[in-house]
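Both of the next two complexes hold subunit A, though its partner changes from subunit B to subunit C.
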Partner chain A sequence: MTDDKDVLRDVWFGRIPTCFTLYQDEITEREADPYYLLLPRISYLTLVTDKVKKHFQKVMRQEDVSEIWFEYEGSPLKWHYPIGLLFDLHASNTALPWNITVHFKNFPEKDLLHCHSKDVIEAHFMACIKEADALKHKSQVINEMQKKDHKQLWMGLQNDKFEQFWAINRKLMEYIPEDSGFRYIPFRIYQATTERPFIQKLFRPVAPGGQLHTLGDLLKEVCPTAITPEDCEKTIQVMIHGIEPMLETPIQWLSEHMSYPDNFLHISIIPRPTD
Partner chain B sequence: MAGVGPGPGWRSHVRAELQRREREQRGLRDLVRTHEKLLERLDLQSLLAEKLQLDTGTQESGAALDLASLQLQHALEVSELQQGQEELAQTIADLTEALTRSEAETREQRERAGRCARALAALSSRAEEAEALRAALGVAQEQVAALEARWVQEKAAEAARVNQANAQLERYQHQVLRLRQKLEQLQLAAAGIKLGTSDSSCSTSCEELALGGLDSGPQGSSSPMRAQESHTKTPAPALSETLGSTPVTP
Partner chain C sequence: MARPVYGGRHFRPSCPRSSMAEVQEQRQLLPSPPLSPQDGGQGEGGEDAPETGSSEGGAEPPPPTAGSPGTEEPAGDAKKKIDVLLKAVGDTPIMKTKKWTVERTRTIQGLIDFIKKFLKLTASEQLFIYVNQSFAPSPDQEVGTLYECFGSDGKLVLHYCKSQAWG
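This part shows the complex of A and B:
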């Protein structure tokens, strides 16, 4: 795993240039300038937008300020999805910067979870990590860690500290050499064109004969529509962290190197642009 | 590490794509970063300006305003330098922490290497001992094989001797039996002659018997009999039976 540390760093330090604009119907005392920010792909909206909130709250009256939420082209953005996933799913084929609209009123209760404090984000993040380890190691690795190790994972993400995070996370990426990989791969597949939130199933990284399963094998099994026959034109993109890995890429390697900090591989299936 | 796939193509593809992604966003990214910094500087400037205005109170003359502006400029620069200093301090702290972690890992790996070396040395000496034992076992096995061969040979020789002795014994016993029979016949013949028997057929028979006994001489050698006569023999017929029903009266 240490041979591909450059991949881990590129994934961690990926940024999306974003322009935040206040919703036109929000009541302001003066005109609000847009706010530009580089959003970390691996983080969560409500964790990195304190400055955005302060910037717009300066031009608003206190009584008009409620819980902040974000929207892109009419779709509320789920704060509990990683930022990189939201971008890949909604706006990867549009021009940068990513234009996000900021709201302080009419919170969409049916579409979004509330996020009143950083503790909520931490709880969600740790729950994802524990779920991922349950799939990978039957929760043995995460349960053997001390509370301070769990805290270090969270603080590493919150403070954007790569070394601090991976000092602990590397243990969650280990496995017995005889097994050739994790027990199951923690993954979720998202399709912008369906109502279904995501696809998540049990999938082993190694076949009974010992061959490594690939991204293509995963898609064939859990999302066959994502695979285009060889003689047909490709109409679909399979995107992770803003790139399209080859379908021959071993899924075990992807899980170790291109998972988000919550240890899940979040995969977007989106229509390929026609131009 | 799960790095073995059908070939390195997929790995270099991922690397190349990540670098392409960064290249495409670099210009805009640098712009946004600069914008962020400028915005922070502007906020700081406004804050300091407010603070200075509060300190100085009402409107001042041009010189005082210049001085205030200069003070503001200096305060801004000091603030930026302090910010830079804090960032550097944080970077140093992070690097120190990373260095400490690396040193701890290096120490742990050195210890592990030492343990492995010691285990290897112990295993090597055990392997040597096992090799010596194996050699000794080989020698012992050869000796056992030789002893077994010799034992088999001796057993075979002994069996041959026993067989030879048994054959000899059987011959002696046959010889004894014939001699006994002959003796009995002779005794019979003698008894017949003594009696001066009128039974010519009897005397003829006796003569025949005597002649027959003499003819069937011993076929074996003249070695002495063994004490053991283990095989069964047909007992010699009783004298009365040989002579018929006529009782012999002196």
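This part shows the complex of A and C:
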């Protein structure tokens, strides 16, 4: 299964070249240069932008700086969504680098959660993992782990340590062979065009007859508008980690290999570019 | 605190959700939401007559309860509202009315704000909400989604606590 392990690495090490520019109305003592950074797809904005913050704070007065937040083309970016999801959903068909605007004022309370410390990110990350395991294993696997194992998942993400993370995460990807898969698949489907935050429902990876459900089966069940009839022109893209997996891919395999570190499959439904 | 063992539970099979008609502008951090208490009789341990939602100044009176016992709404997806059962953890004050009918799009933050007002907690006091006694959903999570995935026996059971109960 060497190829499958490669997928885990490709997912983990995916990066998005990003250009951070300070919002024009922020008060600076001198001109702020843009800051370029390769963002890990699997991480969270507030976890990986300490350097961005420092860079812009150097040209600002302390009193003009409060909580940092990020925006793309007028939309505040939710730091608690993985970076790769934000990019796929908002900017995947635009030219690189991804241009993000940095703000230090007027925090949009209605759109964003606060992130006063790394502890908040850790709590959110662990809550997602626990929710995912509640769906996959009725929480049995996560509950059997010790606190230090939970900590190792977080440290692996925070320090970009693939081996450290997967030493523990592999247990969350196991299931008893008789079952052929998890109890339910942890997934969320996002569409830029609707106001609904995301679709998340119960979905079994295996049919009663034993056949593996596919990505296409999932979409048909929970998001039928994403399925284009055979002879019609495809107007949408179903994207995970910047690629369009074949709809015939078993959802169990996708869950094991293309979930984010939070153990969820975050799937973007976006308009297909027309050029 | 010992981690409670999660017992087996019957999950409702997934059903396609009917499309949402109107979209709320303010999705996440809503002001004190009007929740509808369910009509009495089903409460635990001899309830008094359920209060009509938040009675604090500034809060709106809740809309009339959608259904009363005996006139059940169609099950599952067609309902715009779901049933929530709130359970206190540890020495957190117990809500006199535990059963509520809540709009699917209500967020966890909205629920937290409501419970805090109901229990007359101060703004600085924290309140944590847990699903399945195992995870704390994000404040912007909609209760409808949680109900779809973690509801049982026609309701979503949520535990609330002034301190972190399950990490």
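The rule we apply is simple: the second predicted complex is superposed on the first by the 272 of 275 C-alpha atoms of A that agree within 3 Å, B and C clash if a C-alpha of one lies under 4 Å from a C-alpha of the other, contacts with A are read in each partner's own complex, and residues count from 1 in each chain.
The working rule: contacts are C-beta pairs under 8 Å (C-beta built on N, C-alpha and C of every residue); 3 or more make two chains touch, one makes a residue touch a chain.
Since we're looking at a predicted model, the values are computed, not measured.
Visitor: Should the pairing of subunit B and subunit C on subunit A count as a clash or a fit in the superposition?
Guide: Once both complexes are aligned on subunit A, subunit B and subunit C fit side by side.
Visitor: Please state, to the nearest 10 degrees, the angle that the Cα centres of subunit B and subunit C subtend at the Cα centre of subunit A after superposition.
Guide: Between subunit B and subunit C, as viewed from subunit A: 80 degrees.
Visitor: Regarding the shared-chain residue A:N143, is it in contact with subunit B (first), subunit C (second), both, or neither?
Guide: second
Visitor: Mind working out whether A:Q164 is in touch with subunit B, subunit C, both or neither, as first, second, both or neither?
Guide: After superposing on A, A:Q164 lies in contact with subunit B but is clear of subunit C.
Visitor: Output check: A:P245 vs subunit B and subunit C. Expected answer is one of first, second, both, neither. What do you get?
Guide: First partner only, subunit B.
Visitor: What's your read, subunit B or subunit C touching more residues of subunit A?
Guide: Greater contact footprint in residues on subunit A: B.
Visitor: Given the touch rule stated above, what does A:P76 touch, subunit B (first), subunit C (second), both, or neither?
Guide: In the superposition, A:P76 touches no partner, neither subunit B nor subunit C.
Visitor: After superposition on the shared chain, which partner residues are touched by A:P34: those of subunit B (first), subunit C (second), both, or neither?
Guide: neither
Visitor: Answer with first, second, both or neither: which of subunit B and subunit C does A:L113 touch in the superposed model?
Guide: Only subunit C; A:L113 stays clear of subunit B.
Visitor: Applying the touch criterion given at the start, work out whether A:T214 contacts subunit B, subunit C, both or neither, answering first, second, both or neither.
Guide: In the superposed model, A:T214 contacts subunit B only, not subunit C.
Visitor: Could you state the shortest Cα distance, in Å, between subunit B and subunit C after the structures are superposed?
Guide: Once the two complexes are overlaid, subunit B and subunit C approach no closer than 22 Å between C-alpha atoms.
Visitor: Any idea which subunit B residues touch subunit A in the complex?
Guide: 1-7, 9-11, 13-15, 17-22, 25, 28-29, 31-33, 35-36, 39, 94, 97-98, 101
Visitor: List the residues on subunit C that touch subunit A in their complex, please.
Guide: 3, 5-6, 8-9, 11-14, 16-17, 20, 23-24, 26-29, 131-132, 134-140, 142, 145, 148-150, 167
Visitor: Would you tell me which residues of subunit A are touching subunit C in their complex?
Guide: Going by the criterion above, the answer is residues 80, 109-111, 113, 123-124, 126-128, 130-131, 134-135, 138-140, 142-143, 150, 184, 195-203, 221-222, 224.
Visitor: Which part of subunit A faces subunit B closely enough to touch in the complex?
Guide: So the residues of subunit A touching subunit B come out as 1-4, 6-7, 10-11, 14-18, 35-38, 96-97, 161, 163-164, 167, 180-181, 205, 212, 214, 241-246, 248-250, 252-253, 256-258.
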